[in-house]
Amino acid sequence: MDGAGSWHGGAAAVVTLTFDVDAETPILAHGGRYAGHAGTMSHQSYGPDVGLPRILDLLEELEVPATFFVPGWVAERRPGLAASIVERGHEVAHHSYAHRPPTSMSPQEERADFVRALEVFALQGIEVTGFRAALWEASWATADLVAEHGLRYDSSLMGDDRPYRIATAAGEIVELPVHWSLDDWEQYAYLPEPNIGSVIESPRKVLELWRAELDGMRAYRCLFNLCAHPFLSGRPGRAMALRHLIEYARECGDVAFARCRDVAAAALADPQVRSRPHERPRVDPEIHPY
Amino acid sequence: MDGAGSWHGGAAAVVTLTFDVDAETPILAHGGRYAGHAGTMSHQSYGPDVGLPRILDLLEELEVPATFFVPGWVAERRPGLAASIVERGHEVAHHSYAHRPPTSMSPQEERADFVRALEVFALQGIEVTGFRAALWEASWATADLVAEHGLRYDSSLMGDDRPYRIATAAGEIVELPVHWSLDDWEQYAYLPEPNIGSVIESPRKVLELWRAELDGMRAYRCLFNLCAHPFLSGRPGRAMALRHLIEYARECGDVAFARCRDVAAAALADPQVRSRPHERPRVDPEIHPY
Amino acid sequence: MDGAGSWHGGAAAVVTLTFDVDAETPILAHGGRYAGHAGTMSHQSYGPDVGLPRILDLLEELEVPATFFVPGWVAERRPGLAASIVERGHEVAHHSYAHRPPTSMSPQEERADFVRALEVFALQGIEVTGFRAALWEASWATADLVAEHGLRYDSSLMGDDRPYRIATAAGEIVELPVHWSLDDWEQYAYLPEPNIGSVIESPRKVLELWRAELDGMRAYRCLFNLCAHPFLSGRPGRAMALRHLIEYARECGDVAFARCRDVAAAALADPQVRSRPHERPRVDPEIHPY
Amino acid sequence: MDGAGSWHGGAAAVVTLTFDVDAETPILAHGGRYAGHAGTMSHQSYGPDVGLPRILDLLEELEVPATFFVPGWVAERRPGLAASIVERGHEVAHHSYAHRPPTSMSPQEERADFVRALEVFALQGIEVTGFRAALWEASWATADLVAEHGLRYDSSLMGDDRPYRIATAAGEIVELPVHWSLDDWEQYAYLPEPNIGSVIESPRKVLELWRAELDGMRAYRCLFNLCAHPFLSGRPGRAMALRHLIEYARECGDVAFARCRDVAAAALADPQVRSRPHERPRVDPEIHPY
C-alpha cells in the first residue's frame, strides 16, 4: 500500500523510541526530602551519567532516531545534556520543569512550571515542539498550554493507539498516545523509599511483552510509542533487550522509525487522522462522590 | 456423550466470552474527582472508542457470540453503544448504573442504582436478562434484586465453576460464576492514581494462564466464564492473545461458545444443575471482631 | 542408602501434601463485617464445597496420602467435613478455631481459641496430633500449647527445611517446617477487599517453582511440606498442576509421600533429628525501637 | 586484552558474590515488637542456621570466593559466625550494627551504630575494609564515616555499574555499586507481617534475570555485584539456581570472581577508575515541596 501523505507513510507500524531523562526529578517530586537519600539519588543520577550515553551509542550503532523528553530542572542542572542529544540527530522535547503531575498542581502552578521549562530550553537554544506530562497525568488544561505556546503535539494521553487530533482553546494539536504496557517503569522500577514498583521483571519478559505489542500494532497499523528511562533501560541487560527489540522491528521489514516531531507533522498533514473529543466528563456527586 | 437437555449440551466445557464495557466508571467510582484527570479518563475512554469496535470485529471474524456487561451510566452517555452490540448478535447485560460495588452502598442506594440502569436499558429498547455486580462485590441482597426484577441470572459469585441455582426472596435464578483467574483486569490493569494493579503481564503469560484453566475446565466440564475489558484486552497485543485463545478453544473440538443468557436458560431447564446455599454466615463478634 | 529408623526412611525427599481447609475464616479474621460480602464469601465457600471433593478424588486416584488442617469453626459449621477426610485415609489436624494469628491475640485469647478447636474435634471423634497456626504467625507460647495438650508436632515455623525438635515448657515436640515458597496462597490468591494478593500466577509458573524446590530438596534431603488451599488449588487448571507435581514426584523414584503425623512420629524416634533453639530474641529498645 | 593494573584484570566482567547475613535484623529494624513473632523470627534464623552453611559448602565446592556483609548485632549474638566465614577464605565486611537505614537515623545515631559494629568486629579479631548500608539507604554522611574509619570501600550506591571513586571529607574511597536487579530480596522475600514482598518468583526466572544482566555486563565490562541473603538464597531450589549462575559465569571463560576488598584495592590502584560527584542535590522547596 502506498502511504504517501499518510501519518504512517505506508508502514505497518511506526516506532517512536522515546526516553524520559528524568534523573532525580520523579523522586524529588515525591518529596524534596529525598535529596538527603544518597543511595536513592545515585539510583537516579545513573540515568544521565551512565544510561544516557550508553543509549545514545546504541542508537547510533543501530542508526535509529529517537525523542528525549527532558524536564527543565534536569536540563538546567546538567547544562550540556540537551545539546548533546540534539547533536546526535535526536529530538529533545518538553517534559515539564519539575516532573510534578499536572493533576497535583493548581492551574497557576501548572502554567508556571510549563513556562519555566520553555525558558530553560530557549536559553539553551533547544527548539522543542512537543510535550509530555509527568506520569502522563495531564489535566484538561494541559493540551491548551501545549497549543498556546506553539507546540504541535502532546504525548501524555491514552485515548487511542494511533495519532489523533485534539481541539484546544488555542487551536489544534496532535496527540501521540502512550500506554503503560509500553513503559519500562512499570516493569523495571523498584525502590524501597519512596516505595516504587513491585517485582523486577527480567529483560526477556519485557522484550516478550513489547514484541507482542509490536506484532499486534503491525496488524492494526498503530503507533508503537515506547517510553523508556535511561536509569532503567540503560542498565546492561536491559540495554541488550532494547537492542533486540530494535533489531526485531527492523527485521520485520514493515516498521518505520521516526522522531515524535516528524510523526506529529505527518499526522497534522494527514486528513485521515481523526479528531477525538477532549473534554472533562460531567460527574454527578450523588452518583460518583468526590 | 449426549448432552441434550443439559446446560452444557454435551460439550466438555462451555465458553462465555464476556466483556465489561466499564469506560470511565470504575475510576469515577473510586472518586468523582478523577474526572479532572485527563490522562486517566483517556485511558478509560479507549475502551468504548477503540477497544470495543476492535473486539466486535474480531468476534465477527471468528464467528463467536459474546455477552457485554454495560453500566447504565455508560449506555446513557454513549447512546448508540448498547444497540450497536445487540445488532451484531451479542447480548447486552446489566452491570449496575455507576459501577459502585453493592458492598459499598446502603440497601437503598443499591436498589436505586439497580433500577436506574434498568430504566436506561428500557428507554433504549435493550432487553437485559442478567446482571453482574461491580467488582463482583455482590451483597446478600443482590440476588434478590435480580430475581425481583425478572432477570434470570447473576454473574458475580464464585461458589462453583459450573452454573448453579440460587433461591432468592423473589424466586430462583441461576448463577454463572466468575473468578479472578479468568479476568484480564488483574493481569493487565495499571494506573498510578488511583493506584491500580501491580505488574503488567505479557499477553503470552495471560494466554498461558487462560489455556491452562480452559484445559482444566474441559477435564471437569465447567463454565469458562471469561471476563475481559475493552480498555484492556482491546489493545493490539492483547487482542491477538484473545484471538489465539478463541482459536485454541475452537480447535479443541469439544468446547461450545454461548451467550450468558443462553447458558442461563439451559441451566434453568436442566434438573441436574444443583442449588447452592446462599446465605450470610453467622458471625460471633467475640470470635471474629467487626 | 538404608533409611531404617530415620525420619526420611531412605528417601531423597519426603513430600507432605497439606491442605488448609480455611473456608471463610481467613477473611472473617480480617473482619467479621466481610460476612456481608456475598461475592467474597462465595469465593471462600468454593473451597469446602467444590475444591475439597475434587482434591480428595485426585488424591485417591493418585494413591497418595495427605494432611488437612481444619479450623474448628469450619469443622463445626460443616459437621461431616472432617470425618469425610479421615474416612478416605487422610489426616485431619488442628488449624486453630477462628484462623486468627496467635501474634494478634492475647495469651488468654490464643489459649481459648486453641482449646475450643480441640473440643470441636473431640466432639466429632476426630483425633488430632498436630497443629498449624493461622498465617503461620505463631507466638512463642504456641509450641507450649501444642505440647501441653498432647499433640506431637507443630507445622508453623521456618527455622529449617527438615524436621527439628523443639523443647517446650511441656516437653518436646517436633516441628515440620513450612515456607512461603511452598504455599499456593502467595501465588494464586487475589481479592480486592480485603485486599489480598498481587498478580495471579499461571499454574505453569507455580509448577515450575515447586518442581525447582523439590529438586533442590532431593539434593539436600529435605521435607517438601506443601501447603495448598482447596479454594485456590481446587480450581480446574490448578488441580491439573497439582496432579503434574505429584506425578513428577512419583516419577523421581526417590521421593516418599507421607502424612504429617507419620513424619512426626518417625522424626521423634530418629535420634539424628536435631533440636533447634526456640526462644524469643532479646531486643534493646534503644537499638530496635518497638 | 591485557588488563594488568586495571580494576578488572582483563576480564569482561568481574563477579563479586556478596551475601548479607542479616538474620533477624531487617525485621527488628521494622519494629522490635516482631521479636515476639516466633514464626517470623524462625524465617530469619534459617539464614545463619541453615542457609549460611549450605552456601559456604557450595562456594567451597565451586572454588569461588565471596564477601559476607554482617551486621554487628548478628556477629555479637552468634559469636563464632564471622570467624567461620573468614576461615574458609572469604571476606567479612561491615553491614551496620542494627540494620537500620542511615536515612532513618540522626547523624549521631548513624555514627554510633557505625562505631558499635566496628567494635564488635575488632573484639572478634575480624578485619573489615568495606561497608554496606542497610537497605542501601546511605545518607550523604555515610561515605565520610567509611573513609574516616579507614575503610577503603562502600557498597551501597547505584551511580554506575563499574567501580568509581568518591571524594569524602576524610579522603577518597571506592564505590562498588549495587542494584536492585541483582538482589535476591526483591525476587524471593515475602512475609505477611511486616508486609514484605509481592509475588515469590521461581528460581528459574531469577536465574534468567541474573544471566541476562551478566551477559549485558560482559558486553560493557561491568562489576556484577550480586547481593544474596542466606535466609532467601540458602533455600534448596534457590541454592541450585545460584549454583547454575556460578557455573554459567565460569563457563563464559571471560569472567573473574573476586572478593570486594580485592576489587576495591585494584580499583584504587587503577588510574582509569573515574571519580563521580557525590553531593546532595540542592532543592528549592517551592519547586519540590518537602
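Per-chain numbering from 1; labels A, B, C and D assigned in written order.
The working rule: contacts are C-beta pairs under 8 Å (C-beta built on N, C-alpha and C of every residue); 3 or more make two chains touch, one makes a residue touch a chain.
Quick caveat: nothing in here was measured; it's all calculated off a predicted structure.
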Copy pair subunit B, subunit C: interface residue numbering same or different (half cut): different
Cα superposition angle of subunit C on its copy subunit D, in degrees to the nearest 5: 90
Between subunit C and subunit B, distance of the C-alpha-averaged centres to the nearest whole Å: 34
Centre-to-centre distance between subunit C and subunit A (centres being mean Cα positions), rounded to whole Å: 48
In subunit C, residues with contacts to at least two other chains: 198-199, 201
Footprint of subunit B on subunit A - complex, ascending: 101, 103, 133, 135-140, 142-143, 156-161, 177, 179-181, 186-187, 198-199, 201, 205, 208-209, 212-217, 219-220, 222, 276, 278, 280-285, 287-290
Complex contacts: residues of subunit C adjacent to subunit B: 24, 28-29, 31-33, 35-43, 45-46, 49-50, 54, 73, 77, 97-98, 100, 188, 190-193, 198-204, 235-241
